[in-house]
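Handing you this structure, nothing more for now.
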Amino acid sequence: MTAAAESSSDAGRDRDRIVNLSDGIFAIAITLLVLDIRVPTIPENLVASELPGELLSLWPRYLGYFLSFVSISVFWMIHHAIFRPIRAYDRTLLYLNFLFLMVVAFVPFPTALLGEYGNHQLPVAIYAATLATGRLLLTAIHSYSTRNGRLLAELQDPTMVRFFLIRGLTISAMFLISIGISFLSVRAAIWTWFIMIAIDAIVARRRLPH
Amino acid sequence: MTAAAESSSDAGRDRDRIVNLSDGIFAIAITLLVLDIRVPTIPENLVASELPGELLSLWPRYLGYFLSFVSISVFWMIHHAIFRPIRAYDRTLLYLNFLFLMVVAFVPFPTALLGEYGNHQLPVAIYAATLATGRLLLTAIHSYSTRNGRLLAELQDPTMVRFFLIRGLTISAMFLISIGISFLSVRAAIWTWFIMIAIDAIVARRRLPH
Amino acid sequence: MTAAAESSSDAGRDRDRIVNLSDGIFAIAITLLVLDIRVPTIPENLVASELPGELLSLWPRYLGYFLSFVSISVFWMIHHAIFRPIRAYDRTLLYLNFLFLMVVAFVPFPTALLGEYGNHQLPVAIYAATLATGRLLLTAIHSYSTRNGRLLAELQDPTMVRFFLIRGLTISAMFLISIGISFLSVRAAIWTWFIMIAIDAIVARRRLPH
Amino acid sequence: MTAAAESSSDAGRDRDRIVNLSDGIFAIAITLLVLDIRVPTIPENLVASELPGELLSLWPRYLGYFLSFVSISVFWMIHHAIFRPIRAYDRTLLYLNFLFLMVVAFVPFPTALLGEYGNHQLPVAIYAATLATGRLLLTAIHSYSTRNGRLLAELQDPTMVRFFLIRGLTISAMFLISIGISFLSVRAAIWTWFIMIAIDAIVARRRLPH
């Protein structure tokens, strides 16, 4: 808006405010997940005998907590890697980032759905679709920022950019494939996610210097 | 309070703390919205048949989530643009900002009301009044900061300031007009908001350099 | 811990992390207040006729929201003024600050109590006691930091320090007096708070340069 | 990823973003604790006579709030001390930190469990196990960062590092011992925690310069 706002130190500060807001939303979405694990209500005289069983029966919720915590953490790590070289932003980047944050802040709902009805197909499909959408939007943010060199502190290594793009699209595709799998077996679909997260972490570790 | 606190680097840091608190409130208000989309309670043997219908019937809540997420995002973007050239602050600016944040943090309530009774006139009117108040307060913050040059890093372009003022007052007025429309048709009033948000985004993109 | 950590730029960064954590807690406590204003449950066919009355009957909750939002905002403004000249910290300051934050994060509970049973003496007394404790702890933080010159960037004006101390103790005392008043009249006690907040704001504006 | 990202100022900024996300999660987990203290529901005509007793009977929840607030504060203070000399990070540090944050964000659940069934053995054991895990992960983060000198701004004093390690392992072991105690006496186990927190604070104050 002003000449000063165009200068590089201000642009850096602007970028910082977007990153701060994003981190706030990441932190809250990840912490709200625990609200979904609710303390069972048991009459006082039955607590000793029934509490262990009741707490064990909450396992789909612990699983949902773990899975969504890991998923949002992975989103954060990728978001972090994408925004690191970014020094300026434009409206498109801002809109894409807000769309992505809308998905991140939404994650507690499909997680709660999975925790309640995790043995049914629809919640599994909704969960997979949410994560696929989040990953696609992240890939779009990365793709947009690297194609607009003026947003970056310096040009990115094209091999890394392509690797990042393929990785993002592959993971998104596998989440969509897991929806197909969920029609055959709900358990198999959920296992696909864990395998994917593990492979993703191993691949990233091999290819990225840190 | 001290001489050092008057110096420019400290003033910048002070401004940063206000911006950080504001961003925290933005991030939390926007993330709490999802708590309003509650998982339906269905007996286990009916889940497969009833869950799809139950999830579809939650559409006013998804709509509320989307609408309020976009509205708070737009508030944030304008707040961001207003505070960018601000380098110092005084008590009036602080009070105006807190009043504005009181509206932002309140948004989840009218959103929940809209999600529950969105087909009735009163919730629609309350929602519109909340957003109009928020926008008016933002416009007041902008107007106050630009009229007090000492709060700014440099003087603002008067054409831009006037455009910003007119835009803020127009949007607020249109939210108030949508309250009138809600007496005739609740659906038409809600549609007005979407049209307004779209026009606002297009106008902003045309007039603002980024 | 290391020599570098003793240097002034690191000390400044340390102080920033304490301030950031505090601001996070302020932002969340202030935003959680809205969760206490719950959407009334009304059968669909009675919404049009009963919703206005039901929403009006929530006035103690709107009042609680307003009162606690203002109170936490005032806490934040004073916290902000106290920490501005602070450049280093020690364990005592850290402990005092955590004790104070424990009160800030607790505010939503007495607020909910006031919203539910605001016409009774006990909730009014608990609310006043909470705010008095918060204010006393803030005054203790200020008093401690100004008496330990090594924590400050520069010495504070002793007149201002004394004014701040007297102001803090007076407000705390008045909150405690309002507990006495609550035994006579609950309404009068609540009015005392509003008068106090207004006087506090006016006095602060007169005495403080900004 | 880029050469610039390898430079020391960028590494510092990266570290800051991790610290900011961690602080966000600390702040939210600590503030969500209050949501577990719920306003009792009493018919209007019985409020005056029953509210005092009902509020007193909530004491396990106040205790849980206090205990978890202090525990998360202690976690934060140690996290703060560990990350202060850290200037860079790698994937292992990032993963360890996320695992630790997963425990921090989980604390509200065992706290709620303790608040509801604090006179039973299982909730006491789960609470102790959660805090022991958190403390072990913190110790692992410290141990890892000090053994990888390249992550630090400068080498740490080996005596301090060893003291920190022993302290972390001792506290974790004592939490695990308190699980054993809980089979004999639930009250004694809870008392162990308070004694431990007090000893930990006194030892830290003696050994650490600030």
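We call the chains A, B, C and D, going by the order they appear; numbering starts again at 1 in every chain.
In this section, a residue touches a chain if its C-beta (ideal position, glycine included) is under 8 Å from a C-beta of that chain, and two chains touch if they have at least 3 such contacts.
Computed from a predicted model, the values in this text were never measured in an experiment.
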| item | value |
| --- | --- |
| Turn needed to bring subunit A onto subunit D - CA fit, degrees, nearest 5 | 90 |
| Same or different contact residues where subunit D meets its copy subunit C, judged by the half mark | different |
| Remotest chain, subunit C as reference, centres from CA atoms | A |
| Where subunit C and subunit D are represented by their mean Cα positions, the distance between them in whole Å | 25 |
| Chain centre separation in whole Å, for subunit C relative to subunit A (CA means) | 35 |
| Per-residue overlap in subunit B, given as positions that touch at least 2 other chains | 20, 24, 27-28, 32, 35 |
| Contact set on subunit C toward subunit D in their complex | 1-5, 10, 14, 17, 20-21, 24-25, 27-29, 32, 35, 89-91, 94, 98, 101-102, 105-106, 108-109, 112-113, 116-117, 120-123, 126 |
| Of subunit B, residues touching subunit A in the complex | 19-20, 23-24, 26-28, 30-35, 37-39, 42, 47-48, 51-52, 55, 65-66, 69-70, 73, 76-77, 80-81, 84-85, 153-154, 156-157, 160, 204-205, 208-210 |
